[in-house]
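Take this structure first; my questions come after.
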Amino acid sequence: MASTVLTDARWITRGAERISLSRFLLWLSPWAVLLAVGVYAAALCLFYGLNQTNMDNRFAFGLWIFLDLGIIALGAGAFFTGFLVYILKRVELKPILNTAVVVGFICYSGAVAILMIDVGQPLRAWFTFWHPNTHSMLTEVTFCISCYLLVLSLEYIPILLRNRQLRRLPSFLVFEHQLHKLVPVLAAVGTLLSFFHQGSLGGLYGVLRGRPFAFRDGFLIWPSTFFLFILSAIASGPSFLVLIIATVEKVTGRKLVPQELYRRLAFISGVLLAIYVAVKCIDTLVWLNYTSPAAGFAPWQYYQHKGFGTPILFAEIILLGLLPAFLLTFRKTAASKPWLLTAAAMACAGVLLNRFVLTVQTLALPTLPFDDFLQYTPSWQEVASFAGVIAYGVIVYSLSYRYLPLFAAPKGRDSHVSGN
Amino acid sequence: MSKWRNSFVFAFGLAVALLLGWVVFPRVLYSQKHQPLDFLHKTHAEKSGVADCAECHTIREDGTFAGLPAVEKCAGCHSERVGESKAEAILVDSYIKPGHDTPWLAYARQPANVWFSHAIHVKRANLSCTECHSTYGESDRVRVYEVNRISGYSRDIWGHSMSRLRRAPHEGMKMSDCEECHKQRNVEVGCLGCHQ
Amino acid sequence: MFPGIDGFHWTLGHVLFLSLFFAVVLTILVTVASAAWRTSRDFHSHRAIDLWWRSQFAELPVSDRRCRHELAGRVLSRTCDNAFDCRHCEKYSQFAVLPATGNVGPLGLDYADDRYYHRGHTWVKPEEDGTVSVGIDELAARLVGTPDLVSLPEVGQGLEVNQTAWRMKKNGHEIEVRAPLEGTVVGIGGPKEGWYLKIRPRLELREPATLRHLLCGPEVHGWMSRELERLQLQLHAPNTAPALADGGVLMPDLMNVVPPADWDTVLADTFLQG
Amino acid sequence: MWKSVAWDAINEGKAMKVTRRDLLVWGAGAAAGLLATPVPWKVLDDVSIWSQNWPWIPQPTRGPVEVKQSFCTLCPKACGLRVRMANGWAVGVAGSSTHPISRGALCPLAFAAHQLNWHPQRLRNVRHGSSLSTWAEAQSAFAKASKEGPVVVIDGYSGRAASSVLETFAGKQGGSYRVVATPELRAFTPYEQWTGIPAASLGYDFENARTIVSFGAPLLDGWGTPGRLTRLWAESGAGLSDPQLRLIQIDSSLSRTAARAWQWIEIREGSESALASGLAGALLEQNLVPAHSPVPSMTLAESSAQAGLSVERIRELARLVVAKTPALVVARDDDPAIAALNVLLGSLGNRGGIVPHSEGVKPYVAAESAIGNARAVLIDASVPWEFVPQVEAEIFRFAAWDGGATKADWLLPAPGFLEDLTDLPTAPGCSAQTYGVAPALVKATIEVQSAAQFLCSLDASLPTTAKIIDSRCEDLFRRREGNLYGQQIAAIDKVSSVQSFKEQLWKGAVWAGEASLSKAFACHLKEWPAQTRPVSAETWATQWKPVVMPPLASKLYQESGLREPPRRNA
Amino acid sequence: MSARYGMVIDVDRCTGCGACMMACAAENNVPALPQATARTGLTPLLVRKVSNGNNGETRREAFIPIMCMHCEHDTPCVKVCPQQAVEVDEATGIVMQMAQRCLGCRYCMTACPYHARYFNWWDPAWPPGMEKSLNPGVAVRMRGVVEKCNLCHARLHSAKEKAAVAGKREIDPADYVPACVEACSTNAIHFGDLGDANDPVSKEAHSPQAFRLLARLGTEPKLYYKSNEAWVRALAEPNSPQASEVQRG
């Protein structure tokens, strides 16, 4: 008789070799615990209000806004890969498309979830749609992110429906087939939306006239950070995908994509990063010499606080910008896996640092001459919900990897025949 | 058989939802309360010769609106029972004699965050009471007071029509109704023009 | 958001922003709706069935997608690109005339020359009254043994080629048996009768297109031997007992004899399940 | 006819069995239908409205709003108030600009005084030791005690009608009546000693002074009747390099007054007396004042060493003091050395100096913590909470708020803010006599009695507060002098009758007499006062020691760093 | 009516007593919660202490009341609010914060250079019974929304109502005086119509002693300060040599 051991073999793509269910559950369990703690922390914030956080009137935005900006930047790989594959027809990137979509979906849904905890009155958040102030960058962000999350969900559906059991349902299968055919439309819409909201997220701080550290001159209604954010997001997105895929390969012990694909992603990332660094340098010079002094603020003031001196500027632009750009672009370093991964990690860290500086340092810096430089330590609730989002991402990705054909052709399926 | 099955099942689901949404939901959403006694505007207007709403619903000297009259006002005429009705007995025995204010349920009461000045609307803009309150002043029976279980608002704020598409004139006292009237009359006020 | 709602302004920026938003939302909705509409259209036009099979076919391992002419040794190597429907294959007639050179060594499995074989391990036997009887071939029969449960269609039901003709259950595994050809069920048998269904084909039996897509003659041997080989490998996992009896003859009721094998995969590969 | 069958329906399609597919389709239909009903939209809207009117968020009271004139009764400074009342409750407090002394200004705490009645530390029950008791028990216990031996009655706000009740009782009972005076009042006690004029009859004529030398008195921070000096200072050219009124603040730290004063003289902590002696020496040495005896025994050098100022700086200060006259010296407390400076400067009884304003005021007997062998001590609610009698007697303490650890045997809930009728005699330091009446504007929500009410209920022969107020009003009217500050300012001659006079007073008007200027009075300073103790007491407003703080006061010290947090009672 | 309400605060007169803060909080039903700190509390009006940085007798301290400056140009908070919960009233120039519209995203707080906006981190609460002492003209804000100085709009309402009863269109300026102005014991806060050239406040705002905080940001605040002391006026410029000497406190 068939063994009574619980098995999910029927749900796993045929031919794909996966660890046993018990081992898989063992892998998930710590993440599930983390997620549970995160959900509990988030529930505390929703139920008792934001007094559960350590944010205050000066530090009105805290860890979460950094998380939001950070993971949305890293999630840019989703739209950018879709753009490259469907619009620019770079079909060689197709094998990573599914992973890009799943990662993007995780990043965006996580960001939206955090955003909903982060506002004081989530029950009224829909007012933004009903009474939008179209001059607000946040309105643009809200509209675009919700639409793009919808797009990502729709892009995720075909992947989901390719699950072995789900595709047995004919209506699902045919719908998947038809939706898949229309995915280029979604990719185009996603590109448009991403372009705007990545930019608006940059604009979020760039328009703050009252915060000369963040305020930037710009083009029409868009401050320069609008464009810088788009650039840095599409530069770091592929690097983040490299990191993710390498991690998955490491964890599963499987070769998932050809080495050549790594190099290609790295090259794209490196070139874009180099362009970003160049533009960022120009922007910084303009800001230091014109924008900030015009508002009555001498730029040296921003960097006189302990831990937030000019090294942070150096790290942001050179150490975690220019350097990884070189490493990612040069054939020699990009060919070596350790160098490649280091460089990709540096590129991601650089973009995260940029988001950190713009969100946290901006708030920490005084504006009134009799104000102090502020410190802020997130509460455990903030950290836990942050960690919960990461756990959520790991769980969703693990489930997707296990039950969905994420990497185009499941290798090994034919091994027993081809060996013949 | 199967050709129409899906359509039928779909239509069935649709019908159930429509029924629930349009018929059952309003009954569930609003709870009903009754006024402490049957007060008839019509009787007061016709028999007692109260000609003007402002006789009872006064605007004070400082411009504030007294709203529903205090029990002393009623006591002016009803210090002793005037008729034989049950309402009369309740009014005199339960409220006037002990001096308790009658706990009227105010159909048109706006929440605490709304600042509606009767003085400005009545004295400056010369709106008549019926403009907003319709002809309640001539009503010959007491309406049931319906209160929204979620928001706690009187149903008159939303208006009786659930869709708000086919409203009677002067039905509904939501912010959009205020805005509509203001727009018609070209009166611009900011948020704090009507909120407090 | 709409004119008349508080906060709506007839300014260029506001209208532009909202128009863009509505355009995007509309595009997304139209995309989804059109996918749904196309799905529904496919169902009405029977294209859905074809789509479904083609998608299932595409999921099959390459080794299961060999062209019948390769199996017969007429060509060296060819992957079927027509979802096993030779009736629409342009190359069919071109290759069919080549001589078969496949080996004809002992197989240990019976197959009859008067029967036609479907890749899902069903056979079709034309009867004299113009109907055909359909059953599972010996490899499948030895694999499954006596099914725990068989659920057959009703008489009068129509079947489409490659779709589920009937279902069997064995040891908790559900097996969907592919219909070898399209037609109407006219009789019901079972494992005891040796055949499962009697079907009146949609086209007359004598029409060449009725049975053309089914394997026959030398192709059957080539195919069977490959299937046997696959089975041998799949059942010869380190932890399984000897799968095949001496001389490579399949033992009857394999599923009971070799319980720990990855029967899910074996059955799916055998009965062409997605 | 050949029929096609969807493959899933091969078996499941039989009869009308409900399939999973049916459920999905039904669900889709229901979902589509639901979108066409008010359910999602109305619920979304209502939930938002709910979040705008959360039932647990307090709602302000509804009802007619009226504004009443009254007085702040929290301390003896008698500031005029305008109290906004809604539905019978006080909902807002503002200064009454018609008040001739406070002139519309109030100390920060007064703005939340109307919330004090709801303070969590409000004393709600009669307490005997650590257990709850009743008024009847308290009365019988007090009656028994007053039969057995002398009762000491302690008042924190002398001169009120209620004080008169307390004093009368003490006199009749054979006990004594003593007063815990505010530092402003105590500052006049040296003059009382030297001139025989009661401290409560003396006042500062700030309005005519040109230089004010403050020895640590927080003149701009709640000292005296707050509005009087702050408004005067502000209107006399605050911030100008040569203002009309020069405020010289001698302080050991940069207090609020020091920060905003015309000049701040920084001295060592507790060296005010020494500097006063030194300053006197410097004035005499430089012949800046008429020769005078006695002269201070302390040399300039000694003073300089103690105060931490150079001798030359003290001389300079002396010149500064007399540079613009009249000059007036203000002490924080009853420091005779500083008071003697005013004698030296000739400020007593002169324009811009210290003037007497009312007659018939009795000298007060200062309450010491050591009380002697009394049988019982009755403490009025106006006595500061920190005042704890050191005595083996039974203590009956009235209080509206429970300030924490106490040694009182009986704790008796007194009326809170504006819950009791009281009159307001002249505030300490005023240059003219004033009188006002604060009726009970709000009703107490708990059973309360003031000490005076308590005594009257025990001894029916005592005059009630209301009666005393009545007769005081009549006395004032009979004097036919001063003005009545109501909606308009009216000379008392214009007030038609005593009835109308009373009515206006009860409505919050203030009667104020004229300042009696240039009435020089004799002063017998036998010897230059020796250096006394360092200044100990601070005013109520700076030390932040009312029994309880209104919760809103946390805006000043907890929700901002504007002030030091109050030191809690041990 | 049409006005541009603004204030001129005479810093020289401010003694930092805090009466304005108390009056403001009481007038506007601002809760005082035991948990609130200087970083999480609600002080729509906040008096800040500044000094000239010296020690000893030459040290000077001054007090600067900070509240919503009701910026006129490119108003930072209005521009960023995603759902129009903040707007500049055309008739009065008041920057109005609507708690009922606010979703609590706090973007406006990051936008405000004066930190004059406060978030309701907790449910507002008063000791039992104390809700009876709340100002009936102002709704209590719920947890999770931003609040700030609305220039005592309840007093404007009363003034309008009073005018309406009297049959007038324009309010009597004496009827509309914000609580802080009324409470100031030194009359340091002057309130009036900056748009009216004859208004004393309008004249004062143009005096050489007048200055505005962070004026170079270009937001045109309608809150002016004035002082005869140069070091106080230097606070207008965040980078001026004097200002950098100012001890932060």
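Read from first to last, the chains carry the letters A, B, C, D and E; within each, the first residue is number 1.
Operating definition for what follows: a residue touches a chain if its C-beta (ideal position, glycine included) is under 8 Å from a C-beta of that chain, and two chains touch if they have at least 3 such contacts.
Just so we're clear, the structure is a prediction, and the values are computed from it rather than from any experiment.
Peer 1: Centre-to-centre on C-alpha atoms, which chain is most distant from chain E?
Peer 2: Farthest from chain E by mean C-alpha position: C.
Peer 1: Measuring between mean CA coordinates, which chain is farthest from chain B?
Peer 2: C
Peer 1: Relative to the centroid of every protein C-alpha atom displayed, which chain's own C-alpha centroid is closest?
Peer 2: It is chain E that sits nearest the middle.
Peer 1: Does B-C or D-E have more contacting C-beta pairs?
Peer 2: Most contacts of the two pairs: D-E.
Peer 1: Find the geometric centre of each of chain A and chain B from their Cα atoms only, then give the gap between the two centres in Å, rounded to an integer.
Peer 2: That pair's centroid distance is 52 Å.
Peer 1: Roughly how many whole angstrom separate the Cα centroids of chain A and chain C?
Peer 2: Chain A and chain C have C-alpha centres separated by 42 Å.
Peer 1: What whole-Å value do you get for the distance between chain B and chain E if each is reduced to the mean of its CA atoms?
Peer 2: The answer is 38 Å.
Peer 1: Which chain D residues touch at least two other chains?
Peer 2: In chain D, 5-7, 47, 50-52, 59-60, 62, 65 touch at least two other chains.
Peer 1: Can you list every residue of chain B that touches 2 or more other chains, as numbers and ranges?
Peer 2: 62, 64, 111-113 - these are the residues of chain B that touch more than one other chain.
Peer 1: Name the residues of chain E that each touch 2 or more other chains.
Peer 2: 37, 40-41, 48, 83-85, 99-101, 123, 137-140, 142-143, 249
Peer 1: Write out the stretch or stretches of chain C touching chain B in their complex.
Peer 2: Against chain B, chain C makes touches at 4-6.
Peer 1: Going by the contact rule set out above, which residues of chain C touch chain A in the complex?
Peer 2: Listed in rising order, the residues of chain C that touch chain A are 1, 5-7, 13-14, 17-18, 21, 24-25, 27-28, 31-32, 34-36, 38-39, 42-43, 48-49, 51-52, 55, 59, 61-63, 171-173, 229-230, 233-234, 259-260, 262-265, 268, 274.
Peer 1: So in the complex, which bits of chain B are touching chain D?
Peer 2: 1-2, 5-6, 9-18, 20-22, 25-26, 29, 60, 62, 64, 66-67, 111-113, 148, 150-153, 158, 162-163
Peer 1: Which residues of chain E touch chain D once you look at their complex with the stated criterion?
Peer 2: 10-19, 21-23, 25-27, 29-30, 32, 34, 36-38, 40-43, 46-49, 56-57, 59-63, 99-100, 123-140, 142-143, 179, 182-188, 227-229, 249
Peer 1: For chain A, which residues count as touching chain D in their complex?
Peer 2: 121, 123-124, 126-127, 169-171
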